[in-house]
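Labels A, B and C are assigned to the chains in the order they are written; within every chain, residues are numbered from 1.
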Amino acid sequence: MSFFASLRRLDRRWIFLAIGLLVVVPLLTGFHIAPVLPSARARGFYDAIEKLPAGSTVVLAGDYDPGTIAENYPMHLAATRHLMARKIKIIAVELYPGGPPLADRVLHLAGAEFDRKEGVDYVNLGYKSGNEAVMSQMGSSIPVTFPTDRSGTPVSRIPVMKGVENFSQIKLLVSISAGYPGTKEWVQQVVSRYHVPMVAGVTAVSAPEYYPYLQAGQLQGLLGGMAGAAEYETLVKAPGLATRGMDAQSLAHVFIALMILLGNLATLPQRSSGGKA
Amino acid sequence: MKREVPLIISMAAGIFVLVGFFVPHPLVRTGYDKIQQWVIIVVAFTYVLGMANLLRLNGEQIQRRAKDWPYKIALVIACIATMAVGFSEGTHYLDDGTKFSWIYNNLYSAMSATMFSLLAFFIASAAFRAFRVRSVEALLLAIAAFILMLGRVPIGNMIHPLLPQAADWLMEIPQNAAKRGILMGAALGVMATGFRIILGIERTYGSEGG
Amino acid sequence: MHLSGDLGIWIAALLTLGIFSFLYKDNPAYKLCEHLFVGVSAGYYVVLNYFSVVKPNLLDPLFHGGAHTDFLLVVPLVLGILLFSRFFPKGDWLSRWSIALILGVYPALRITGFGQGDFVEQIHGTMVPLWVAGNPGATIGNWILVVGLLATLIFFFFSKEHKGALGGTARLGVYFLMVSFGASYGYTVMARISLLIGRVMFLLHDWLGVLHL
């Protein structure tokens, strides 16, 4: 059997094994390929938070669940750390059912690091079903939409919510999103209507569709996938999970590019002989 | 009654929400806000409906010993047990250290993350078996994919400093143009369909068995 | 190696490996994990929606609101209960009232949202200067942006046959679309690999303790 014929018959489980090894080995060995270079989009995200005056209030929307934790959690944590370091008050909401515990985790972690108090410096209002209706209603009244926080405390008793009625009091919307509902809906329902500045950290799958929003000025910054999270970690000088994963990511990408080339090479003899096996 | 009432409800709700966007008068805004607050609650009930339907369907399959019925028992037990644990914890059900948060961290989160991570293997396999460059269009797609895959990771800069710049330019100019075209086309479609639904012209949801 | 002593981590790791076993072939371990996942997810969603929405937004203001009781909340309560009429063949038409509310509100929200965010603002964003003094790169980029958008929009215009000048412009639109699909493919590859990296990090760090972060 020729090389190309055996290539065409390759059991896909060998490819599975190769991908698995290409991810495991760099992580285990600490093999480092190249440094992460922040992009202009990540810089836009960073600058939008940097120029907020201390004491401002932001809405941090963690619209993702454990399915995309590897991409969204590092950017969620880095953004929360950045906000808390700058003494920005955070109102966290989640529109994905799996989101509230992840938001709790980043808020508590960063809160402990920067000595920020729950209720005073940040609050997790939790999850609401309803997608765009929730966003639209927050524009009318955040306390009516979220009468209690995630653990049932009435918002009227939470200091950080004092004076916050709707988006008029919000200086920035930070959207960490995995899909629907998420960044697109926030842009449509909130940015377009209430002109709140917004930055977004999204999964790589959805990142390409937000470039038009970035170019039109509806987004000030954009983090795309784990690479975007790594760029942001570099900017806030706190390399974490995303930065650590970039070497494995690089090798896997090269492998996939090679697979595309090999796959096409393997069928070349077939095509040149008119499709005969 | 069966057809007319739903049409009237959707028309009234739709018109109120549309008009409320433009008219800040308190009379309109009260209706606008109330309807959306109600829909948030009704959507929450749909999750309960989904769970009830899931239990009903799997219960029927267990009863008639359908294919894989023992696994359905595990599904039903897992669902009921999760709900029982959650409701027993009260409003602090998701706090650190509760049994429900244990279920979230070690069952829900672990399985959810792993299910999605399976796709990495299949995309690698599909790249080899299915990605065929047989036309100019496919070649353009492949070139764009190569530039992006290599330019967006640190190794790209190591291969050539122009690669990340090429990836950025590709995303900001040609890709942006096409995506914007798709966005605008889709927006027109969504607006047209939205008006059709509100005005009762699009009625697939109201048909028998729908 | 520093194996975890936490039972929860061990269960999570075994469930992870059970799901990964599907890569070899479909097997009972994977099937069990799959069904467990569906069951736990359904139970989680119900509990979450009760404590996050039904209790604070409906039951408390309606039944424990005191002087501020909002009696109009009976409407969503009734509509929510009517959804369950789907289980009764003779009464399932009542559930369409509840669905009708949803189907009235969301199209309306999307008309305004898409109209403003995805149409008007995008046209605004396309109005870029076609001559940027001293910056030929920006000038060329802006021309490509505008021409590419118009070509893509023309491709989606199917009311006239794509012949002649229209056909040629539509073909150009196809090329721009192919570039965007290729870019989307590249980003999709990144996304999928990232999710696998995350899972492997859990196994190596949280479970086996061989990875130091």
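Just so we're on the same page, a contact is a pair of C-beta atoms (placed from the backbone, for glycine too) under 8 Å apart; a residue touches a chain by one contact, two chains touch by 3 or more.
Note that the structure is a prediction, hence the values are computed from the model and not measured.
S.K.: Think of each chain as a node with edges to the chains it touches; is that a line, ring, star, complete or other?
M.R.: Complete.
S.K.: Between B-C and A-C, which chain pair is linked by more C-beta pairs in contact?
M.R.: B-C
S.K.: Hey, which chain is the most central one here, using CA centres?
M.R.: C
S.K.: Roughly how far is chain A from chain B, centre to centre by C-alpha average, rounded to an integer in Å?
M.R.: 16
S.K.: What whole-number Å value describes the gap between the mean CA coordinates of chain B and chain C?
M.R.: The answer is 4 Å.
S.K.: CA centre of chain A versus CA centre of chain C: separation in Å?
M.R.: Each chain's C-alpha centroid was found; their separation is 13 Å.
S.K.: Tell me, which residues of chain C touch at least two other chains?
M.R.: 23, 44-45, 48-49, 51-53, 55, 57, 105-106, 109-110, 112, 114, 118, 122, 125, 145, 180, 183, 187-190, 193, 195-196, 198-199
S.K.: In chain A, what residues contact two or more other chains?
M.R.: Chain A, residues with two or more chain partners: 16, 19-20, 23, 67-70, 97-98, 100, 128-131, 133, 136, 150, 152, 193, 208, 212, 215, 224-225, 227, 249, 252-253, 256.
S.K.: If you look at chain B, which of its residues touch at least two other chains?
M.R.: Within chain B, the residues that touch at least two other chains are 21, 36-37, 39-40, 43-44, 46-47, 91, 104-105, 108-110, 112-113, 115-117, 120-121, 123, 127, 142, 145-146, 149, 152-153, 171-172, 175-176, 179-180, 183.
S.K.: Mind pulling up the chain B residues that touch chain C in the complex?
M.R.: 2, 5-7, 9-18, 21, 34-56, 68, 71-72, 74-83, 86-87, 91, 93, 100, 102-123, 127, 136-138, 140-149, 152-153, 169-188, 190-191, 193-195, 197-198, 205-206
S.K.: Give the list of chain B residues in touch with chain A in this complex.
M.R.: On the chain B side, the touching residues are 21, 29, 32-33, 36-37, 39-40, 43-44, 46-47, 91-92, 94-96, 101, 104-105, 108-110, 112-113, 115-117, 120-121, 123-125, 127-133, 142, 145-146, 149-150, 152-158, 164, 168, 171-172, 175-176, 179-180, 183.
S.K.: With touch defined as at the start, can you tell me which chain C residues reach chain A in the complex?
M.R.: Residues 23-24, 44-45, 48-49, 51-53, 55-57, 60-61, 105-106, 109-110, 112-114, 116-118, 120-122, 124-125, 145, 180, 183-184, 187-191, 193-201, 204, 210-211, 213.
S.K.: Touching chain B in the complex: which residues of chain C?
M.R.: 8-9, 11-13, 15-16, 19-20, 22-23, 31-55, 57-58, 72-73, 75-77, 79-81, 83-84, 86-87, 93, 96-112, 114-115, 118-119, 122-123, 125-126, 141, 144-149, 151-153, 155-156, 173-183, 185-190, 192-193, 195-196, 198-199, 202
S.K.: Quick check on the complex: what are the chain A residues that touch chain C?
M.R.: Checking each residue of chain A against chain C gives 13, 16, 19-20, 23-24, 27-28, 67-71, 97-98, 100, 126-133, 136, 146-148, 150, 152, 184-185, 187-189, 191-193, 203-205, 207-208, 212-213, 215-218, 224-227, 240-241, 244-245, 248-249, 252-253, 256.
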